[in-house]
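All chains are identified by letter, namely A, B, C, D, E, F, G, H, I and J, in their written order; residue positions are counted from 1 within each chain.
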Amino acid sequence: MPDAKLLETFPTPAETPFIVEHVCDEFTSVCPKTGHPDFGTITVRFQPRPAAVGGVCVELKALKLYFQSFRNEGIFYEAVTNRIRDDLAKLMNPAWMLIKTDWKGRGGFKSVIRAESGPVPDMWRQ
Amino acid sequence: MPDAKLLETFPTPAETPFIVEHVCDEFTSVCPKTGHPDFGTITVRFQPRPAAVGGVCVELKALKLYFQSFRNEGIFYEAVTNRIRDDLAKLMNPAWMLIKTDWKGRGGFKSVIRAESGPVPDMWRQ
Amino acid sequence: MPDAKLLETFPTPAETPFIVEHVCDEFTSVCPKTGHPDFGTITVRFQPRPAAVGGVCVELKALKLYFQSFRNEGIFYEAVTNRIRDDLAKLMNPAWMLIKTDWKGRGGFKSVIRAESGPVPDMWRQ
Amino acid sequence: MPDAKLLETFPTPAETPFIVEHVCDEFTSVCPKTGHPDFGTITVRFQPRPAAVGGVCVELKALKLYFQSFRNEGIFYEAVTNRIRDDLAKLMNPAWMLIKTDWKGRGGFKSVIRAESGPVPDMWRQ
Amino acid sequence: MPDAKLLETFPTPAETPFIVEHVCDEFTSVCPKTGHPDFGTITVRFQPRPAAVGGVCVELKALKLYFQSFRNEGIFYEAVTNRIRDDLAKLMNPAWMLIKTDWKGRGGFKSVIRAESGPVPDMWRQ
Amino acid sequence: MPDAKLLETFPTPAETPFIVEHVCDEFTSVCPKTGHPDFGTITVRFQPRPAAVGGVCVELKALKLYFQSFRNEGIFYEAVTNRIRDDLAKLMNPAWMLIKTDWKGRGGFKSVIRAESGPVPDMWRQ
Amino acid sequence: MPDAKLLETFPTPAETPFIVEHVCDEFTSVCPKTGHPDFGTITVRFQPRPAAVGGVCVELKALKLYFQSFRNEGIFYEAVTNRIRDDLAKLMNPAWMLIKTDWKGRGGFKSVIRAESGPVPDMWRQ
Amino acid sequence: MPDAKLLETFPTPAETPFIVEHVCDEFTSVCPKTGHPDFGTITVRFQPRPAAVGGVCVELKALKLYFQSFRNEGIFYEAVTNRIRDDLAKLMNPAWMLIKTDWKGRGGFKSVIRAESGPVPDMWRQ
Amino acid sequence: MPDAKLLETFPTPAETPFIVEHVCDEFTSVCPKTGHPDFGTITVRFQPRPAAVGGVCVELKALKLYFQSFRNEGIFYEAVTNRIRDDLAKLMNPAWMLIKTDWKGRGGFKSVIRAESGPVPDMWRQ
Amino acid sequence: MPDAKLLETFPTPAETPFIVEHVCDEFTSVCPKTGHPDFGTITVRFQPRPAAVGGVCVELKALKLYFQSFRNEGIFYEAVTNRIRDDLAKLMNPAWMLIKTDWKGRGGFKSVIRAESGPVPDMWRQ
């Protein structure tokens, strides 16, 4: 089952702002209604806080294990998205974060869910 | 014939704002002029209201059945788009919603119709 | 319901061999098991017999109406394919014909069915 | 020759704003300099005025015939674009309209011409 | 764990030869060495024997459940491929069958495994 | 109207066999049934006879003018294809020639017609 | 060598603002350091001044000859871009102009240079 | 090891603002944790200061050698990005600079890191 | 330096013939002439001998390490290809093997080298 | 002008057969009729003779200079193709060679010319 304790961080390696994006296209969970597996791509995009104020980044190998912990969980698209947003926002307290989940076709439908934390930095809007 | 009573909702699963997008590329209705079938892709993009104020999301399986109810209806592109916008806006009363319909080529033409409800959220503009 | 009487032909316009291919990407029928619509692309590829021996080609507008007659028919992929092959082979008695049906994703699966009539002409193998 | 009298309209089917886009990739006219045919794709994008103030939309079949009336006309890219903008703006008096013409390569060059009428609606800027 | 008893068949619906292809791009199993999930696309392509000699086709919904039974199995690429070939060949005794498995990147590598049963029919070679 | 007298040739510039392919994606004619324009791509592929036996190649500028002469001709897909094959075969007497015409979508259909003259050379089959 | 005297203009054919874009993907010059040829794509995008104030557009055939005049010139990417910007700005005195040059890979690098003249019109920002 | 002394500059060739972008898709370094090589694409986008105030541009051949100096360095994605930003900002003191690094898939993940220096120029925002 | 001792095998897991393909798009070596790095994609395609006659397959993790051992070797395209063919043919003694190396652009050129061992199996020719 | 003396070779580095392909997408010559530049992609594919019988391969840097020597030559597509075939066949005396030239669009036409030397090896036909 989803396990936020698998997550780890490392100190932000810079004082100047930067933006990190990790895209995992091997995510799978289970539809709680039908019991069939769901397959999706998860995008984690964030601006860590500066090192001087204790900013941290999520560690990539740990993020992978955390995502794998959803493998046999019965959970809806919207809940996956908000859960990841909540777990990572709590872990990193980033200046900004966007979670985007793109789900493969199911009966002719594709779905995309977006959840955010914090204001979009001007650096991203360009 | 198009039947809004097929639509169902579930309570918004989060207090923080998020955006949902469902894209159905298996939509078909009938041209009221020629009687020939029309084929299109329907995008439903919306920001539900927060749970605390009774926000709801459209249920995906019900949305599919609602779209299938247009199958043998003679109806123009513009009417399909405005009808879906009206039915879903009434159903969910979302903070924002965009309906986009992309229609396959007909005599060398492709058409796209967009209808909205509510102001575009800043989260989408990034 | 599928109606082969909608089909029409015209005499082959040449004595030398040639190959015709019509691809319709707006085919829809209904799954007899679930009642949900199926969407597919139908390829009709054939070499008509020469005019001198009474060769004919299927007329395109009539072929379109024939395909539309499957719209509300509950019928499996394999049966659609073999039915079209049988109806068109009977109509045209072509030197060679291939029917290929490509079906949109259903629960993670895409399917393609191929049925033939007559030997592949050397002209196609190049 | 280009004939604006071929154009027809129908009343805007909604009071709430929406945006229509018709893309025709089968446009051809003649270069007045060389006599060779030009091939292009024409995009007509507009926001009709609300029905309450007499807003109208261009009818698609009539638009097709209007575009076909350029077939043997010797006319430059820029003139095609401005002519269509003028004819359609006069016909519909839309809240906003953009005409975009994309021309196929000619001696290593591709060209795109854009002409507008009215202010871009906020709905489009998202 | 992989369970061939989930598989079901239906009688071949035609006496004339035809070829069926099912492509599932939502396959996942587990690497027995690292414990990490593997993601792949499975192609099942076969020519059923004619109905007159008891030919059968695999049922699509059952095939889906059979593939899902690999979800938490630790099993290598080559073993997945040969196991599916063996299970389906035993089930259908087809005139010809090809199993192709395409595996997503792992450390810079993509892998494809192909296993067959029976001679390639002339109809496929065209 | 189509005018084969526009065609010109030049002597094959080599004694050793080679293959020439000209692809024109700016072909248009008129449907004799509906009066609407048809748009297509024409492929001319041939192996000229050796210079020593009077082999010739079609001149590219002349081929362009010949294709433009179909612009306002009411003529079916199959007739265009066979007419071009006949005109060019008579002009060049090539060792081998293939004419392929690909027609843009019309009511959900795309069509491709192929006509040949002479046996496919081994050099092309590789 | 680059020769701005090859450039010609014609009067802007409209009083209302419009935007012209010419893209030439057959540009070549010579690297002054290595003597090897450089290959690039040049985009010229501009808004001409209205006819009433003497606005002009660059003539396409002349632009082609002007670009060809760089063929054997030893000149750096940045200099090509600024030279074209300067020559065309002087020629047309446009309300706005952007020159973009995209250069093919050289030792694993691709380069893009952008130079402007005048403020970006609101019409382009949509 | 990464060596900023390999970098060279040349004076900005224009007084008017322009934007330079170099994209290198042949970057490789080593993961300090696993010892396995990392492969990425590096984008350097900057607006040099005007020549009149001593503006300079990085020389392309020198930039290539500088990137090659990371080949056997054990260094994380974030550190590569910030190091390049720091070295090039110090070298050129540009009006604006963005470094973007896109890393190939590693265990189902792709990563993109962006770091900036200076305010985004209005010219880029269009 | 290239080290075939890094390679490992495992026994072929089936008696019936099958074909394995591993594609590594993260290969790099060094040009012995210029000292600049080369980047390529290596395809290893083989049919192992049956288990009964001692057939073996190359182990994927070991193959990765073997490829990494070319990282700082100065070696030409042709030599890389033939060296890998020789090392893997000696290791596995396969029924058939093809090594294909695709090299990224260098001065406007892309190169592909193919080397084989043993006759192409009929199973591959389909 | 085209200069075969620029070409150099090196001894085939293997006794077992292999196939080499060099693709140059930066070829330019001049149309002898119009004086306008032509742009094309040249593919050189060959199987060198074994080293034991004096087999040689063309050197890549020399091939590049040879291709650059066509830069200002007025020469037709067919002549470029046959000239390169003749020069390289004389230089390498390969077991098999194919020259393919793909030319960019000119007035709506793209052209491809193929010329060979020697019989296609079985290794290539797979």
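Keep this in mind: contacts are C-beta pairs under 8 Å (C-beta built on N, C-alpha and C of every residue); 3 or more make two chains touch, one makes a residue touch a chain.
All figures in this text were calculated on a predicted structure; none of them were measured in a lab.
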- Chain-touch separation of chain I and chain J, in steps, is 1
- Query: Given the pairs B-C, D-J or C-F, which one repeats the contacts seen at I-J for over half of the pairs?
  - Reply: C-F
- Query: In whole angstrom, how far does the Cα centroid of chain B sit from the Cα centroid of chain E?
  - Reply: 37
- Item | Inter-chain centre distance, chain E versus chain H - centres from mean C-alpha coordinates, in Å | 47
- Query: With chain centres defined as C-alpha means, what is the inter-centre distance between chain E and chain I in Å?
  - Reply: 27
- Query: What are the residue numbers in chain D that touch two or more other chains?
  - Reply: 25-26, 36, 39, 104, 106-108
- Task: Under the touch definition given earlier, write down the residues of chain I that touch chain G in their complex.
- Result: 36, 39, 104-108
- Note on the structure: Listed in rising order, the residues of chain D that touch chain B in the complex are 13-14, 16-26, 57, 60-61, 63-64, 122-123, 126
- Task: Using the touch rule from the top, collect the residues of chain D that touch chain G in their complex.
- Result: 33, 76, 78-79, 81-82, 85, 98, 106-117, 120, 124-125
- Okay, in this complex, where on chain I does chain H touch? 25-26, 28, 36-37, 39, 68, 71-72, 104
